[in-house]
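Got a structure for you, questions after.
For reference, chains read A, B, C and D in written order, and residue numbers begin at 1 within each chain.
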Amino acid sequence: MRWIIPDGWMPTGSSAGIDAHEAVCVVNLATHDAQLTFTFLFEDREPDVVDGLICGARRSRHFRLDWPHELGGYRLAAETPYSLLVESDSPISVQHTRVDTRAGGIALMTTMAGALHRMTL
Amino acid sequence: MRWIIPDGWMPTGSSAGIDAHEAVCVVNLATHDAQLTFTFLFEDREPDVVDGLICGARRSRHFRLDWPHELGGYRLAAETPYSLLVESDSPISVQHTRVDTRAGGIALMTTMAGALHRMTL
Amino acid sequence: MRWIIPDGWMPTGSSAGIDAHEAVCVVNLATHDAQLTFTFLFEDREPDVVDGLICGARRSRHFRLDWPHELGGYRLAAETPYSLLVESDSPISVQHTRVDTRAGGIALMTTMAGALHRMTL
Amino acid sequence: MRWIIPDGWMPTGSSAGIDAHEAVCVVNLATHDAQLTFTFLFEDREPDVVDGLICGARRSRHFRLDWPHELGGYRLAAETPYSLLVESDSPISVQHTRVDTRAGGIALMTTMAGALHRMTL
């Protein structure tokens, strides 16, 4: 199954000790690990592919997109429009969240990723 | 039917008299009660299961996740990544909302839970 | 078609001249009007039904839930948990949004309503 | 495929150098460009149609709705209720986001657009 998040844009800054960021949250209800690939698509260049990511069996995993060590060393460009495709070798569910602290305080937004079935893509 | 929320993370703190929290909101349109089970999945340990929850016939129910008395005494760890699986013995709909007051003011985010059909899991 | 929003809770207050509110936003792409019924479900009492609402042909309609004159005179209780069922005699799409100004500033949250097909309810 | 966003309302104002706006974010995973048409529906007048928009092959595109040069010169009325229909000649995914700075700070909300299949409209 493939999951898509059209609106990625990771803010920078910090407020009240909270760093602005985006996160991709994955849950794997199965009894075996899920192997994940993240493909970042941009407005004006070819996609970047990060593979070798794992969400363990019966585990939640929240990938901080501002932390390269959670993305196999990949450094996602901040304040740059992107979309994210999440592919998995077994069924998972995916949600994407933005935490914006640029203007002080916090703003949050979240959405379930869109499920791409064969029929839709 | 089963419903999934990948991004759970319950903030703490208070602003303008409003306590930070998350809530799971359920609605049951049927003429009989729905029996619910909540399974909390984590990044680094086995899931916790809370059963015996009820959403009455033709009723809305907003479960505050920071109030153990609404979860059969279960105390959800705050500021800890989790995912939530909601199972019901009859059709319901489920939405998950975060209220974050850590930086003063309020930030909100919400999503419908993802519906898990047999074909997807 | 029927649409459901599990998490309704309408805040009160005002900030920067903006009144806290919730809104149900409907769009009707067809060439004939859609007749709508709103059913408000609560935690501890029977549902309230508001019918006779209309979304015109090829029109958007944003129903302010704090304005009884947009709900046929119905006054939705503020700061009270509810869920909302939207029924229509022809295909529409439905989104629900909360504007919270209780702590100063604004917080927003929104979700597409869940579509209830025969198979799910 | 057609995508719908019922709740459009583009705020104005600026906070911390951030202009209030709404954006429609599109991603095209295919190896050919997608031709897009945006139809804006209103409460009290006929829809406006903007065509000739493109999302390139294997590209993300974030359309700022307050920037006429990204909409073929179309100027979307601010602080006016609307809904948006996005049509594409090939499969895409669509998300809609609001950035509200009217009261200082930032508020965010987002939703995946609703997918309109033949069966639902």
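Keep in mind that, in the parts below, contacts are C-beta pairs under 8 Å (C-beta built on N, C-alpha and C of every residue); 3 or more make two chains touch, one makes a residue touch a chain.
Computed from a prediction, not measured in an experiment: that's the story for all the values here.
In a homomeric contact, the two copies may use the same or different surfaces; for subunit B and subunit C, under half of the interface residue numbers are shared, pointing to different surfaces. The rotation that brings the Cα trace of subunit C onto that of subunit D spans 90°, given to the nearest 5.
The mean-CA centres of subunit A and subunit B are about 21 angstrom from one another, to the nearest whole unit.
Among the residues of subunit A, those in touch with two or more other chains are 104-105, 107-112.
Within the complex formed with subunit D, the subunit C residues making contact are 1, 15-16, 18, 23, 25-27, 29-30, 58-62, 91, 93-95, 97, 101, 104-112, 115. By the touch rule above, subunit A contacts subunit D in their complex via residues 4-9, 41-44, 46-47, 81-83, 85, 98, 100, 102-105, 107-114, 116, 120-121.
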